[in-house]
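Starting off with a structure, shown below.
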């Protein structure tokens, strides 16, 4: 369970103060598939970074499985991120000089897992995304859709409870995107909580729940998905 | 995990081969050049007889004219050397001087040739731990009785007797027959501490004979002779009685008590001589120097290597500054990867270790290449110096230098990398994940 | 070009500036001092010895066996050598200039041994030596065969006349014209007076120190077991004559050996070996440093340009011309190098003072530092030229591309 209470994030430079999130409160339950929409610069990514413990919050409270993460050290946050959270990104962010096997290996290394178990898990993860035969390939030898599948395998190999996705289909054509979405739905069906930032209004509407952010605040503080055309237009802007 | 990081370091090298190679080159040139100079200093300024350098003392007696602020003479007069040999309280002591002579080989196929020899006392060999292949030194009586005995160098024995055990054989030197007592093994202390003012980096002499023979046979001295007063009268005896210094004098004094006894002996000797009108300078200038003190006093380490040390240190600094810049470029260029690693669970500690290993890897390669640079540089210096002016066979890499080279390369690269590493560990992942 | 914005942009990347500036400062310190040392050494090496170095060679004849008479052997050798075709002249000497080994003595104007003395090299030579060495007599005359005395080993000076170098004459008689020095008497230790019969323009002492120009010649033939011969060949025939002389000497007398036969050029090369080795090592250091520093400038420039690709594209899109982009990076480098050479000037002078105080080197000429600064600025501009050209070729379209 992920719970944010009155979370604010302010970026300060010498001259300006940007309020990326303001009094942001949200609870995501076990096994939910939540989409986040909103215009550019509304705070979607900031929200995802805070949720993923990549960024600290300026004020408020963030409980991840009941643990208040705002007081944790870098080391503890990294451990928590490694164990509970999987990330997938719009531009995949695979390590270009590591082959698929080694890419998926990265989070397991940080977990300090033994070699045999790592190997088994990596094989399984590659199997699950249908790329077992290509484990020796490097990312540049793969299509975009395949790369994103590898990224998903890498995010899931540590069996995280939460999968945070930032525009996972943004760089893909619609057919491939469809495939990736199906994969994410399968994962969600198996119990992994997914929070996905997207521009794609249709995807958002298909999810169990959509959060629309405007100027750092939730614009639709309703727990059920809203499907009014007006909102959709706003989200596309 | 370290092996994993080493693999990442290798992969990272392959990813920016030009930048990485530049770094390795910079480190190797800086370290290599520094090691060349370090080797020269290490050997030239090193302890030529480490196990007993604190027991061997050069004796300095000051016969220079009073009131002149000149360095005291580095050698002894015949009068003083023989007086000390007679009665100075040392376990062992030796007079020693270099000479040149003609050697007529018994073998008629060989033409007579000139050799450089050394007159020494019987104690010379055990004092300086001279290694023998055959036979051994002559006895102390041989010195007193002017016996015509000789110890050959390995090389000369090779030339005259084909390397066979020649003990008991005869050689003809300066028109006189000498009996071979022993053959020494290669023995070339660097610097040649027992005669530093006659070529501290020259090779050892070809043969050794009892020192008193230099005088009795009137052999021609090869080395410095400095006269502090005009010789009164003519002939050998006049020279022997003169204030001309030409003799090296060493004593073996194993304990502090031995040293104190000896020191008080030469002080009272100096006072006696002072009463006779000699030794007009401050009597404290008559003193003992152990091997290292003596090498420093005589400034055996040439100015050239000391100047080059400073220049090489600056060259290394430039190379390391260069490496800091290049590592910074490299690590900051990896920001997106570092961001992803953080997202996947890397904490600052693991990023730190990863990049220390990456810098150390560059340092290791730089060190290995630096060894090549250093041995190349040393060979070059050997060629530049040639082997006719001074002995150069000691100019080579040795185990301590190899170890220091590699360690210095790794440590200095990691130190140079500390700031870039710190920057790499503190990259804000959030900025670098959105677009790549 | 307006420097203001370039300077302000630099202040936002202080570390990069400091790294390059420090490298340039150290590089300049090493290069300028190294060049100074090289120049200093070549100045020392270039001093003429006063003798005809190109055509001279020397050797040592050492007798052995009971029947060998050094005096007779030397006399016969000289007669034979002087008749040999290609030999201009030959002499028996006790030392050779430049060789590093010889005799020295104090020389005084009175026989009072407590009066101050001038240290000088002393060449004990035969009557032909002034011609053999090809010295230039500027006052008085040389020696005649009747002047030459035999000097046994371990004996005092036996001659009563001498020829001085001009420098020694001036040092001894600072108030007299060189011509007037001839006829004066000087004393060497042992209360021995020598009358000055001639002055030569130059003859270096055998050693390289600050009394190198002080030499005196006395007509003496030293009998001490070995004789040194100095031979001057006709111009251009030295190498051939050397071989013939050796053969002739070996054939002439079997109870002696000939050793250390060298041309004076070889002797000079050996004596100054360490100086020339030092110069070569320093050149290698200079070239290496220029290379490393240039690579550092190139590396950081390329990095800086890649980091700012988008910015450069934007500038181009906003109307900057290629020369303006090129100029931007050239001026940026000029500013950074400027900081470096300013710091470098301070370090250079500090290091040269260190050399002067610790290593007995003369002070560095004032012109070294500014010339060094200019050279480093030029090196910086050359190094950054390539990367800057690359920057100028960045297309404006990059500004609108997202990757």
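Assorted remarks:
We call the chains A, B and C, going by the order they appear; numbering starts again at 1 in every chain.
FYI, a contact is a pair of C-beta atoms (placed from the backbone, for glycine too) under 8 Å apart; a residue touches a chain by one contact, two chains touch by 3 or more.
Note that the structure is a prediction, hence the values are computed from the model and not measured.
Comparing each chain's Cα centroid with the centroid of every protein Cα atom identifies chain B as the most central. Looking at B-C and A-B side by side, the one with more C-beta contacts is B-C. Averaging C-alpha coordinates per chain and comparing to chain A, the farthest chain turns out to be C. Chain A and chain C, compared by their mean Cα positions, are separated by 74 Å. Between the Cα centres of chain B and chain C there is a gap of 26 Å. Measuring from the averaged C-alpha position of chain A to that of chain B gives a distance of 67 Å. For chain B, residues touching at least two other chains, in rising order: 435.
For chain C in complex with chain B, the residues that touch the partner chain are 15-16, 19-20, 22-23, 26-27, 29-30, 33-34, 37, 62-66, 113, 152-156, 188-191, 224-226, 257, 259, 270, 273-274, 276-278, 280-282, 284-285, 288-289, 292-293, 295-296, 299-300, 303, 351, 354-355, 358-360, 402-403. Touching chain B in their complex are the following residues of chain A: 45-46, 49, 52, 54-55, 74-75, 77-79, 81-83, 87, 89-91, 93, 95-98, 106-107, 109-112, 154, 158, 166. The touching residues of chain B, when paired with chain C in their complex, are 19, 22, 25-26, 29-30, 33, 100, 102, 104, 111-114, 174-175, 218, 220, 227, 229-236, 238-239, 302-304, 306-308, 310-312, 314-315, 317-319, 321-322, 324-326, 328-329, 333, 377, 380-381, 384-386, 388-389, 419, 435. Listing the residues of chain B that touch chain A in their complex gives 1, 4, 11-12, 14-15, 336-337, 339-350, 428-430, 433-436.
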